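Below is one structure, written out as structure tokens; comments come after it.
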Amino acid sequence: MNPAGRSGPAIELVGVSKWYGTFQALKGIDLAVAEGERVVVCGPSGSGKSTMIRCINQLERHQKGDIRIHGQALCGEPKRDAPILRETGMVFQSFNLFPHMTVLENCTFALTWVRQMPQVEAERIAMAHLERVRIPEQAAKYPLQLSGGQQQRVAIARALCMAPRIMLFDEPTSALDPEMIKEVLETMVELASTGMTMVVVTHEMGFARTVADRVVFMDQGEIVEQAAPADFFSAPRYDRTRMFLSQIL
Amino acid sequence: MSDATRPEPLVFAPKPADPPPPSSIGAVGWMRANLFSSVPNALLTFLGAWILYVTVAAVLDWALVKAVWEAENRRQCLDMVGRAGACWPGVAAWIPNLIYGLYPKDQAWRIDLGAVLLVAWALPLWLPRVRSKVAIGLCLVLLFPLLASYLFMGGAKGVVWTAAIALGLAAFLWCWLTALAEMRRGISFGALMARLLGARDDARAARIGQASLLALYLVALALVLPLELVEVPTRLWGGLFLTLVISGIGITFSLPAGVLLALGRRSEMPLIRVFCVTFIELFRSVPLITILFMFNTMLPLFLPAGVEVNRLLRAIVAVCLFASAYMAEIVRGGLQAIPKGQYEAAAAMGLGFWQSTGFIILPQALRIMIPSIVGNFIGLFKDTTLVSIIGLFDLLSMSRAVGEDTRWLGLFIEPFFFITMIYFVFCFLMSQYSINLERRLGAGQRR
Amino acid sequence: MRLGAFVNDATVRAIFYQAVTFAAVVGLIWYLVSNTIANMATRGMSAGFDFLDVSAGFNIAFTLIPYREGDSYLRVFQVGIANTLLVAVIGIVFASALGLVVGLARLSTNWLIRTLARWYVEVLRNTPLLLQIIAWYFGVFNLLPRPRESIALGGFMWLNNRGAYFPAPVPQDGFETVLGALALAVGAAIAVSVWARRRLRETGRAFPAGLVGFALVAGVPLLVYLALGAPLGWNWPALRGFNFVGGFSVPPAFCALVVALSIYTSCFIAEIVRAGIQSVGHGQTEAARALGVKPSRTMRFIILPQAMRVIIPPLISQYLNLTKNSSLAIAIGFPDLVSVWMNTSLNQSGRAIPIVAMTMGFYCVVSLIVSFALNAYNRRILLRER
Amino acid sequence: QQTLEQVRSRGNLNCQVGLPTPGFYALAANGTWSGMDVDMCRAVAAAIFNDPSKVQYQSVTSAVRFTSLANGESDMLSRTTTWTAVRDGQLGLEFAGVNFYDGQGFVVPRSSGITSARQLDGATVCVLTGTTTELNLADYFRANNMRFTAVTNENVNVLVETYLGGGCDAYTNDKSGLAARRSAFPTPNDHVILPETISKEPLGPVVRHGDNNWGDIVRWVLFGMIEAEEMGVSSANVTQMLQSPNPGIKRLLGTEGNVGQGMGLPADFMVRVLRHVGNYGEVYERNVGANTPIGIPRERSLNALWTNGGILYPMPFR
Amino acid sequence: MNPAGRSGPAIELVGVSKWYGTFQALKGIDLAVAEGERVVVCGPSGSGKSTMIRCINQLERHQKGDIRIHGQALCGEPKRDAPILRETGMVFQSFNLFPHMTVLENCTFALTWVRQMPQVEAERIAMAHLERVRIPEQAAKYPLQLSGGQQQRVAIARALCMAPRIMLFDEPTSALDPEMIKEVLETMVELASTGMTMVVVTHEMGFARTVADRVVFMDQGEIVEQAAPADFFSAPRYDRTRMFLSQIL
């Protein structure tokens, strides 16, 4: 369960609640993700998947409960959380690449400005990751000149450059055409094989089957059920889960 | 089903294209489609042609055909053609004043030099293969004023000012050296120096790069130190020169101020937001002329007794504040056009507020805003005519002075017509440029 | 508590920034105010509004509301506001109409019209308004014939280089009844149009409500008017001495100002209208045509309603611009607020501070009212959108 | 002494004139200023620096002329400003004398057949705004129970164009200006200046209230120039006149007594003025006299010396 | 061939040519569509399919040849053509619904303003057609609140309201996602079963197989070949047709 041999989980959510105005989007979520574990989160639209993953990354501030990354609690204070959050990288549904920078600059930007790394070093690292997602030849292009799948792979490379120990994915393939979904999923499978801790919100159940250590099913701001994929798909315990699976499979 | 069971396919030979019916092409077709497609359309065509003829012919007749080109004074013009034709010699005699104002004519080369420097500095921005365009552009906007201010004002330069002028000059030299280096070798000036001096590692190269910048600054300082220019007080500035100075300062100041105000308006801190909103709305809701009036008559009241604020400066302050309020709204529009995902991506990568604003959001927003900024600049340029109402000798006031010259007393329409042309040419070129830019940017957005 | 944590706390920092801004602004204002008070004391100037009831003593070339040389400065302020608003309202009406026409001309299928419209916009948009106002004044209105050779338009309007002259109505006894009849007729016309719309809904037959309504509004008061023995006198302008006397007149400066403002603003409005119409996809026109809808109705029911959402916000800001630009009247001596108040009155009375404050206050109020209205409108169309 | 010190340390005199106007403060195409009021500035500069070119001219609209003087931007205002009680008393100003007696008059087209201002009832009149002319005009018509319509503007050229285009029946301004303007009309003889003078317009240099010494300097430079004319001292003969035995001339030129001392000026300050600028008569003839385009004859006008039937009456230079 | 038993074809094109500038988009097209016939038009991009269908509806004016609808020739004079063109309804690729009107108003608009029908009557008819395309419950919504498939079905209902005897479809499904394509095609199949004359430009060969009476294949502004779908798909006569079919099937 803990390949890196460290104590404590990589991510730990204890009773996390989040309100938008008076609407409660997360209702006391408890979740622990071990180092190196790969968790797939699924559930109907509006069930709070995105909200949860964005709380882990502090793009949204939760109002109750604790979130701990590698044992260190987030306090909501940007300056103090920053070093903790450096352990996480995030990939968005809509890529969110910076359109005014080349692919390479997208990847080196944070390295030079956040990690204060010399340009040459940053470029070396960026190229290594671009090779890993197999688009080194696109380095000099601008994001809008790439296809959606390529853009998403750049986004993954960009997140990887910061050498995070945890990668968060929020529906990374849902804005893509079918062929492109395939290339992004392949990249993610490869990434999973390196033992990185991953939390993936996705409806790609094929991916969940092959890669996930655990599938978490959410509905209405709660975690309904979580299980190893084999069990989850073959024998869901709740009828809500069954209904959901019948719809998307 | 196998191919054997199918008959041999027929070969499709496309018909050759026929020429279109004559009535739909060529001059006739064009006229039928564009001028005479229906009876009302034909009537409109005649109406339009008539309007065109009447206006253009009248203006040409007065301005060119009946005009007087050589005369000693206005009386001679009047004796020759009365008022049926323009009297151009008066305008010609005043052209230096219309351009430079009362700036001493033996010093006018300084203004010319300033203009040449400006154009030369901006030139690399249009050259292909120059990569440091952003840096050059920033240098131009921030450091050209240092150089230009001394060039135009002259007088005694203290230590600080000398250093500043040298900085401007060094920046100019750096911009051109970098542009040349990048065009010839594809590397920056610093890197080129490093390569020429045979730097072995990166650290050494970086140090050589810095040293060459320092050397450049020292060279500039050496050039600047012996430079002595006579002082030309700003009250002698005027004409087109003054118009350009006011609008140029207005736009360069208003851009950063507008950015700050727009950020303030979006701030989550209520007091700052309220302050920015009040400022923007106040200055946008009153006419520029009232702001000019206020600054002209009231600024001396606002300041401690004895503090004397140059009249030009007062007008410039008024124009700057006014322009900032407008610019703030343009910037706000630009910021709003940036999707939220960009902020989130920046935050997820660990960038702070100023880093993500400065490197991610603003560069994109500014690019979207360029056409509006040019539009704002045109507006500002036209609005500078108002400073004539508070008695600065801008282009318009200068044109009025022509008619007060004893020799050309009463010459009013001709200089007026002349400066209208100047304004039109400037504004028209700028607006065409902005339309062009808009088109290019639009094309860029669609990959 | 540790100082570091304190400094790092976002809320504390936010409060700190705000406090600094607040202190800076308040400090600046205090500094300026104290300087001003000191300066005014040394120069023997006073800031009060007591001068408002002092007699102004100068003539104003055109006043919408009655004014005489002996009237107070307060009256001058009111005259200025009335004149500014008059120019603004008339200018807005003309600019809108002209802008619509030119905007449509920009989209004309006729090449010449399209090109003329384009150059109309390019030339007028790219020259300073101040120059245009002066040009209209001298190029056109000052060249009109002298009073003796006035151009008579239809026998009820005279045009010469002193202005445009109309007969002024002078209500007499019983005229209130006519006004009452007018009000009734308007009410009836509205009722008819409501009924006509319902009938159209229910039976599909159209009723010429516009025509009938017009007949009502025009006819009923006219009948009452005639029945009461025409209780409305007209003060006809008549050529006496130097010029027309009597009636209602506007000076050439007013005409030049309104024309220049309308034409200048119409260029911007034309571009707004064009962009608005072009923002409605060609598909909409085609769909309407495929349904057999007539082009005029397509324009009215399909294109314009959609274009309006794009047009209205920038249009309103052009209206505000026009109002603000009317302050350039000073160049040709039309007595608008800035010219008569911020220039002449300030000059003659020397009360810079109250006068400047009152002028700016007026423009701010106008702009605030319009902004509120615009925001309300924007909210409404947003609601309809989704 | 304050202003004088400031001027001395600055090295030049800030003299406020108006927007260019022929005869009084005219701007030529080569950028030089000239005129009656400009010569006043030059005379003061000559008295202080012995160099009439040490003047910085500030050309300001009439609307802000007093503010501009009061707040110290300029040291003196020399721009056909009418001396009135309100201005002297309430605006923090001090009039240093009169260098030109003017009066407001009208010009009308000859074809109108008008010969007297009394016939202007109901007329439209073009008038400069922000000046006493505007108020005088209203007063005159009210006093004579006549009505008029005003066409106002800040810019003389605009008014003249309006008048020439027929936009008003009469153009009113100080008579000095009327003559000059008329001369620049396309057909000067088609216009007449009416005989009436409807106001008193004593025009003179103005200084800030409170610095009496500075006021004295300007005042006595002006008186000195008039006195010089009266005594027959001009720029041409001032060097010879230094030897003159006439005690009046001796006092004027500082060869006897020291008038300048009390004002912080050297004894021979009038020599400097006369040498560089000349006496009043020279200044007059050079700028607005009969032989200039402005052409205002001086004989028997108010601006003649008191000895010649005018009212120019310099206070005794002793 | 002529189920309605009337004389003459519903649509007849004789030698129709159309130029855009000097480019000839249609090269003398001859085509007759019988009453109640369902014709599918296909062909490579730029072959003139849209141009042809838009000429039938007079959205583009042809320069040569004759177009007759139920035997009446179009003269190019909007006023005189209007009653003839009322017989046709058109559905566009990009729906072209009026976004400022509700779904119901979209449908009743032309009825009240062109047919001068009472509002109540118009609404009855509109609701009937909305039921036919199975979205009566969306009547009060605005088009932009609907999914693409629903929008296209509204567009079909809107065209049907005018009771055209001929329906023209220009790639009605090509702007839609796969699930939505299905619902729109089902609607069209239902419509075909009512015996309406239909000309459909589409690349949905499944639809052509099940519904079309005839498939017309165009290339470079000409009709290359036309045949019953069975023949067309199994034994295309021309090499051009074969190549095209091999690409899209």
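By written order: A, B, C, D and E. Residues from 1 in each chain.
Definition applied: contacts are C-beta pairs under 8 Å (C-beta built on N, C-alpha and C of every residue); 3 or more make two chains touch, one makes a residue touch a chain.
No experiment lies behind these values; they were computed from the predicted model shown.
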| item | value |
| --- | --- |
| Contact distance in steps, from chain A to chain B | 1 |
| Most centrally placed chain - per-chain CA mean versus overall CA mean | B |
| Maximum inter-chain contact count - chain pair | B-C |
| Distance from the mean Cα position of chain C to that of chain B, given in whole angstrom | 31 |
| Mean-CA-position distance for chain D and chain A (Å) | 85 |
| Geometric centre distance via CA averages, chain E-chain C, whole Å | 50 |
| Distance from the mean Cα position of chain C to that of chain A, given in whole angstrom | 57 |
| Sites on chain D at which at least two other chains make contact | 63, 67, 71, 154-155, 158, 161 |
| Numbers and ranges of chain C residues touching at least 2 other chains | 39, 134, 138, 330-331, 343, 346, 352 |
| Multi-partner residues of chain A (each touching 2 or more other chains) | 78 |
| Chain C contact footprint on chain D (complex, rising order) | 62-63, 66-67, 70-71, 90-92, 121-124, 129-130, 134-135, 137-138, 142, 148-155, 158, 161-162, 165-169 |
| Residue ranges of chain E in contact with chain B within the complex | 17, 19, 21-24, 27-28, 63-64, 219-222, 224, 234-242 |
| Touch list for chain D against partner chain B, complex | 19-23, 26-31, 56, 58-61, 63-64, 67, 71-73, 154-158, 160-161, 180-181, 183-186, 293-294 |
| Chain B to chain A touching residues, read off their complex | 202, 339, 341-342, 344-345, 347-352, 355, 359-360, 363-364, 367, 445, 447 |
| Residues on chain B engaged by chain C in the complex (per definition of touch) | 30, 33-35, 37, 41, 44-45, 48-49, 51-52, 268-272, 275, 281-282, 284-290, 293-294, 297-298, 300-305, 378, 382-383, 385-386, 388-389, 396, 412-413, 416, 419-420, 423-424, 427-428, 431 |
